[in-house]
Every structure is written in C-alpha cells, then in structure tokens.
C-alpha cells in the first residue's frame, strides 16, 4: 500500500515543444535525493492532456530509471475511453510504473452516471497489471465523483487508493470512514494536507512537493509524531506559495517557480503560456517569503 | 470572545404556522441542561427567511429568558438592506442578544463586490451595540465570501468572528492564519468540525448540536485534551446523521429528528413541507444507528 | 390577458435612503406619456429586496394614481414565506395592482422541489384577488424553475403568465408550446425580446423599457406587423445599452442612465452603491451611441 | 461560406468497439439522399473523445467518398494541445474535409484566458489548409467562450464560422451583430434553430438532423421563405424529440433512435453504455409521436 508524500512532476519541454530529456534527468536527480515517497508522471501537472501515449510511456521509463528504487513511480493513465485507458495502463506498467492514477472520463459529463463510472473503473482495474488509484479532480473535469461512488469503487481489490483534489474534507472523511484500512486516500493539494491526514488520509500527491518536498514531508512526519502544533504551523506557512503553483497560476506558476529556484521548469506546451513577467516578479516575492530563493 | 459549541435552534411552529412558544420553552429547558456554550436564534435552521422582524425580537427575548445566564445567545440579523440589518441588530441587542450573526446580502449577487460587502459589514459593525459575527453560507446564498474579503472584515474591532458554512477547509485555514487570535472562526456544520478545530477554529455552530449536543461538545473537548484519535472516531461516527439534518433533508429533517426523539420539531413554515413519511422511516434508522432513539 | 411591453421601474431614493415620492411622480408622468402597456412596481429593478411591505403598498398606490388608467400596474410580491407572499398580494391588490409578479422562494434552494414550489404557487394563486404572474430569475435566485414545473403551474386558472429572465430561449419555447394560448410569457430582458416574440411570447418586462420605452415597443410593433428585418435591426442595436443597465452594471447602471438622461435615478439603497464616476463616463458614451443624450 | 443544415453524424461501432465501416456506408447513402447541406465527422456526436487520430482520418476519407460531392464534409479536430490540433487539421484536410470544427481546449479551464484561446485559435487558423469553424460547447467543456472572445476570433480570415451549442440566444445575437456578414454562425442544437436564424445565423449543425433531416431543413427553408408561422410550428413540434437525442439521453439516445428507425445506431464506445431497455421504450413513443416509426 502506498503512503506518504508524492510529487506529481511537471514535464519539461524545450522551446520547440519537445520533451527535454536531459532537463528531466537533472530534476530527477534532485527529487531523488529528497525524502519523497515517490513521483507521479503524466498527471495534471505533467500536462498529460498535451502528451501523446508514446511520450507518456517513454516518460515513465525515464523516470523509473532516474529514480531510486525505493521510491515509487505512479503513472497517470486516465483517458476518455475505457479501451485507451486500459491500453495505456498496460504500457506504463511494462515501462516500470508501480501503480496507475486514473482520472475519470468527463467530456460527456451528463452521461457519467454512477453505473457508467463503476463499469469503467472496474473494467480498467481488472485489466491493469498494477494497482489503480482513482483520481478525482473536479476543478478540471467539471464534476465531482461523490463519496457514494468513491466508496463503491474502493471495494474492488485492484483499486487501492484515491487522489482527491476536490479539497472537500467532508468527502475525504466519508471515504476514509467507509472505504476500509487498506484503501489509501491521498490529499490532492498541499493546502488541505494536514486536515486530510487528521481524518485518516495515507498521504498526499502535491504540486507543492515539486518545489518544497522537505516541508511537505515535514507536515506528514510531524503529524505522525503527534506534534500537531508544529505541523499546523508548517501547514499554515505554505498556504500562499501552494496557491501560487496551483489554483492561482497553475502549471505555468509551478514551472516558473522551478526556474526561479535554479531547477528546470521551462515553458508549458501550447496553448498554455509561460507565466508573464509581472506575475513572475510577484511569484519571486512569494518564494522568497518561504526561503526558496 | 465566543468559543465552543453552539446550537442554531429551529423555530417551533404550530400547525397554523404561528410560533409555538410553549414548545420552544420546553426545548430550551432541555438545551439549557447540556454543555452547549450557547444558542443561535433566527439563523438558517431557525427559518429566519420566514420570520418577521417582530417575531425575531420576541424569539430572542424568550430564548434569553429560558436559557441559563452562562450560555450565550446569538441572534441572526442579516437582511438584504443595510438599514434593516442595523435596525434589527439594535432590536435584538436590546432583547438580550450577546452578539449578532450577520448573513451577507445576496439577492443582487452580481453587485456584491468586495467594496460593497466591506462597506455593508463595516456600517453594520459600527451601528451594532453588540459584536458582529459574519455568516458565510454559500449553499443558500449562492456565492462564497472568499478569504481575502473575510480577512479584511476581520480587521474591524466590532467584527469578532465568522461562522463559515462553506465547508472549505482551506478557506477556514487561510482566515485563521491571517485574521489574528482574537477573531473566532466557527465551523458551520458538524461534518467538518474536527478539521476546523485542528486548523485553529474557536468552535462550531452546528445544526447537529440541536439533537446531539453532548457528542458535538465531546469532539471539542477531546480535541482540546489532545485525544485526537478518540475525537476522530466521534467525528466519523456523526457524519451520516449530520448529513440527514443538513445537506440531505435540511430543516424538515432536523425537525423530524427532534419529533422522533421526543422533543418538539413540528412542521416548518410554508413553502417548506414536513419530511415525508417514507424519509421519516429512513431517518429513524439513522438516528437509531447513533443511539438517539 | 396582459400583453405588450412593461417597464419594471426603479424606486427613487433620496440621499437619506427614503423614497423620493416627488421624483417618482415626475418619472411616472414621463412613462405615462409613452406607448408602454404598463409598469411593474417593486420588482428586481425596484430594489424590492430592500423595501418593506408598507413601502411596497404605498408605492403601488402612488404608481396607480400617477399612471393613465389604460396602462396596467403589476406589483412584485414574492416573499420567502407563503404567508407573507399572500398577505402582500392582498395588500397591493387593494392598493390598485392589476396583477402580482411572484418571484419564487429561494433561500432554501435545496428544498425547493417541484412539489414544494407547486404547492406554494397554487396556494398563493388561490388566495390572490388578482392574477399571478410567475417570475423566474435564476441569475438572482441562484436556480432555474424548469419548463416542466412552469408548465404545471400554468394550468392554474389564476396563474396567467410568466416573466422569464433566464434568457433560455428553449425553455421559453417549451413553455409557450405547452402552456396554452391564454398563458402570457414575457421576456424578462430586452436582449432576447425579439426571439421570444417569435417563439410566441406575449410581450416583455424590460429594464431597458425604463429608458428606451419607444424602441422596446417598436420591436414589438414591428414584429407584430411582420417587419422582421427592421425588428431585428432595432433588437441588435439595443444589445449593448441593455447589457449596461442589466447584467453589466445592474440597478446602479439603470439609475445612472436615468440621471444622465435628465430623469431621476438617484442612488440605490445600501448595500448597493451608485455607479462609480469612471463607469458613468463609459455609460454616457453607450447612451450617446443610441441617441439617448 | 457554409450555410444550411448539417448533421454531426454518430460513429457506428460494432459490438467489439471497432468502427463499423459497412454500417457507416449504409447510413451515408441515406443521409446523402436528403437535402442536408453537409455532414460533420468526429464531432461530439461522433464520440470524437473516444476516437484515435488515425480513426478520425479514415472516417473523414470514408465519409467524403460516400457522400455526394455537392455536400460539404466538416471534420472535428479540436484537441487539448495546439500542436495536435494542427496536425489533425492537416491530416483531415488531406483526407477530404472542406473545413475543420475546432473545439476549444478545456482541461486547464482556469488557464484558458482570452489571450490563451486567441493565440491557440489564431495559430491553428494559420496552419490549417482549410477554414476553421469555432466550436463552443459549454455543457461538455464546462465553460463558455463569451461574445467578446468569439467576436475577436471572427476577425481572422481563416476563421469563418462558429458552431454555438450554448443555446444562449443573446450571445448568438451579439456575435452575429458584430462578426460581420462573412462569418457564419451555426446553431448547435435544433431546439434553438429558428430563433438563431431569426437573429442572423447561417444555419445549424444539429444532432436531430441525423434522424429528422427533412424537418430540420424545412425549418430553414420556411424561414428563408418568410413563412414564419409554419416554421415556428415545426420548431415547436421537434423540441421533445430533440431533447431525447441531446440533453436528455445524449449519444446513447441518438444511436437508439437510429436503431429504432431501421438505420444503424449500435452501441456507443465504453464508458458510455447503450440506452437501457426502459428508456428505449420511452424513446419509441417520442419517435412515434413525430411519425418517425
């Protein structure tokens, strides 16, 4: 069972839009030296929406190779169709993924009933050689998978966890309460990590962990050690910087932060645009405020 | 400064729609014997939307009279217009309210800018003889007052707290982090009480406290005593019953629960209808499940 | 049966927030000389949300007295509770209202089921001495009353029409198609007046009719005369100015427009604020563009 | 410039999920004998979300080959990334598409600012060998491209039209009013076809045209002939059946309707499920009501 703090890594692109493999390797070396439990490849922050299947496969292989063996590698494989999701899950499993993170189909949101999504996830789970982690991301998909559905999915033996980015602490509580101890719920953003842990989450998959891996792990470790007051102080301290690289400026913000810290962020793929210069200055101040520069 | 657990009491109506004063007094005697920190009159659960000003005034006087002196009485006074909000706040203060709970105006939601709401709340705060507690209730008003606005409002010396029913734990965290120690944030529903306390909330104003006052206070006390694991267990245990008397069946659910428990719930005012018989049976099972029958 | 173009008039307030009766009379003299079919008092643009019941009663009496007998006077009476809606409907009918415009209750939006709203409207219709016109205003109430509900309400003999401000032309079409010829559907905003007439609407209740009564009536008359191309040209010409006094700047925009045209707009009641000076300049240009200055 | 009525055809799948080429050809022969102006391949109803690029290419070639030369073939090519959208537009143009219908990127909806979408569409338009038609589909993408953005896009010489499925007649009016005569606006659903034509739309791209091509064309022809009353009667008559194959039951409803009419609908691709038997019976009655059985 997966636990702890994961970084959903961004995919580095060169100016021509192609993947920057050397830049990726350098970043991997850095993340590999942190106490992170693992990395997520081709998730939202990896701009999975802009990657082709073959690119995802190669990314997983590259990340697996460049990451210490004790760290897990999870690959995002949710596609709109069941068949493409299955095919990709098999491919990345062969390429070294320890688990797959499966975003729900959402284009036909009016048709994504409980029955439809159950059948989809169960079919994927039965076909995937590695465990399936559900990915609930209402801000991007436009709808929420509710507790009732999530709990029903948790009954499948090959569906072993959930990344919930809804930020709905009640929903997280309800899933924890009813899904059983062997089901791992992950907070999908650092700004609700500590309350999620309190309610029983197994860890977090956090954009912020890309730039502040040690602080994110610290919240986790302090909580596990029962040092709540200290955990809360770290949690409150990272709220603003977390917003900057998630809800406020998204992937362009996260990539700009990496650049400002001397790592490689680079440009996002079109249509996303790099963070404008003015906002980059604002971001700089926010990063300085948490001693990241 | 207010702290602890408050019950936003329902207003008992007789079959003809008039307020049932005797029934209210009996309920007050019961709540008065619990460890609740206080009661909220004419809030959402009090069907304030269906009460006239004179009724609210008389309700506050009756509740103050029927409630032990050590318990606080808070009165809901938010109206659409600033002038009516001020007038009502003065009236209930005279009638014995220790503080007023002020829901934001919302009919012209497109016009409720930060500037408009700041001026409204500051004007009310300057005119109110008792402290003002902001009431954020997006599910009913149709829009959320965000952290930025709430924090700016918290700077006013006569605005001393917030009841946040959004359930957004990140927003609650942000307000706690920046509003200062003398500003009391209350969880607006029992289903996110414990995580709110963890992040620094001063208490809760909880529909559930009407029917499970001791359990709600227990979560608070266990948390204060550092007995987190036990606090979490109580928190997880009340999720379903809390949903039944809030998001799921609302005021009709809460009133039916009181009736089933041998207290007086009675019918809501029209247009709300009593909980249908079939759902009442379902509610009965939920209440039995938490030993309330 | 009501037909044609109505102006939902703003309520003039003096600087101290009290109703400006003399200013109202002057405006009435102006509107009385236009080809408008009637006026609506205490609607959204009348800031009904900020008026007390006694004020609404006096407004209706004043408007009835100051308006030519051949023009109809409709009064907004929708309150949250059924009893208050009935009481107000009776009061304004005595004061001279030809019909009442009844906004649905909306605070407990989760509880406003089809059954609840049917019972509410039927009870009001049975108690009102004058015909009831349903008022659907999702932008302000936060939810839409759908075709199915509206059609069911249209079956009641004392519910004779609908003001639909949703702008949903399909919903308007569905209601027209199924509600029968004696049910009058009114477009709730000038920007979808012509398509609504095409689909069978009986007229419009239009904020824009307060400042451009003749142009609004012209769209109606040209349509009735089968001069579609000309009707469309007028319709397209008023889109921008209509947005300025509705969705864009709301009541403050409408009042500022009246002021700029030499009528009395005056300030809105708090918490609404007058249109800021910068936007007033912008509005001036828009009004000049349609020859209103 | 494109005008008239288009059918966005469904993609026929065999029981194993593969494209049914023979079934497609039979359907094409049928649609080819109708007065439709053209067909749209790989749109929403074509389950583009579940098709691979190579399948889309082959579909376009097959449809072009099986469709009379005087009818246009439009291909859906909107992908999340700009580069994939361009590549696919080039591919389908070579395969015979007369124009491309480009849905906006939407996964990163928070980042899809006016600037981002302008750059995306302009880049695609400059690279596409055939004209670009914008596709606005808020129900599926989760956000609306507003009039202001759409009008700015219409200025590009290779962006020649818009399919607007928002149903917002005001937005359609605004775009028509400001985009110029050479820009073709298409109603995106039959239920607002006639009002759209009235306000200046050039035609419609209508799921309903797959099963009622002649009636859809009739609305268009009657309108063009100035026979408004008759046009309205046809428009009102098709509302219910249109809802059945769009907002109510979506692609499964459309495919079931084709099956019931003796054409080939077949199953949708997973995760979508075929229309359940009970609803199929209900659909049967609706189809019978408009003489389609």
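Each chain carries a letter (A, B, C and D) given by its place in the written order, and its residues are counted from 1.
As a working rule, contacts are C-beta pairs under 8 Å (C-beta built on N, C-alpha and C of every residue); 3 or more make two chains touch, one makes a residue touch a chain.
For clarity, every value in this text was computed on a predicted model and none was experimentally measured.
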| item | value |
| --- | --- |
| Contact-graph distance - origin subunit B, target subunit D | 2 |
| CA centroid of subunit C to CA centroid of subunit D, Å | 36 |
| Averaged-CA centre spacing for the pair subunit C and subunit A, given as whole angstrom | 49 |
| Multi-chain contact sites of subunit A, meaning residues that touch two or more partners | none |
| Pairs of chains found to touch, sorted by chain label | A-B, A-D, B-C, C-D |
| Partner subunit D, residues of subunit A touching it in the complex | 17, 44, 49-50, 52, 80-84, 105, 107-112, 115-117, 119-120, 123, 139-142, 247, 250-252, 269-273 |
| Contact footprint of subunit C on subunit D as seen in their complex | 167-170, 173-174, 176-177, 191-192, 194-195, 198-200, 226, 228, 232, 235-236, 239 |
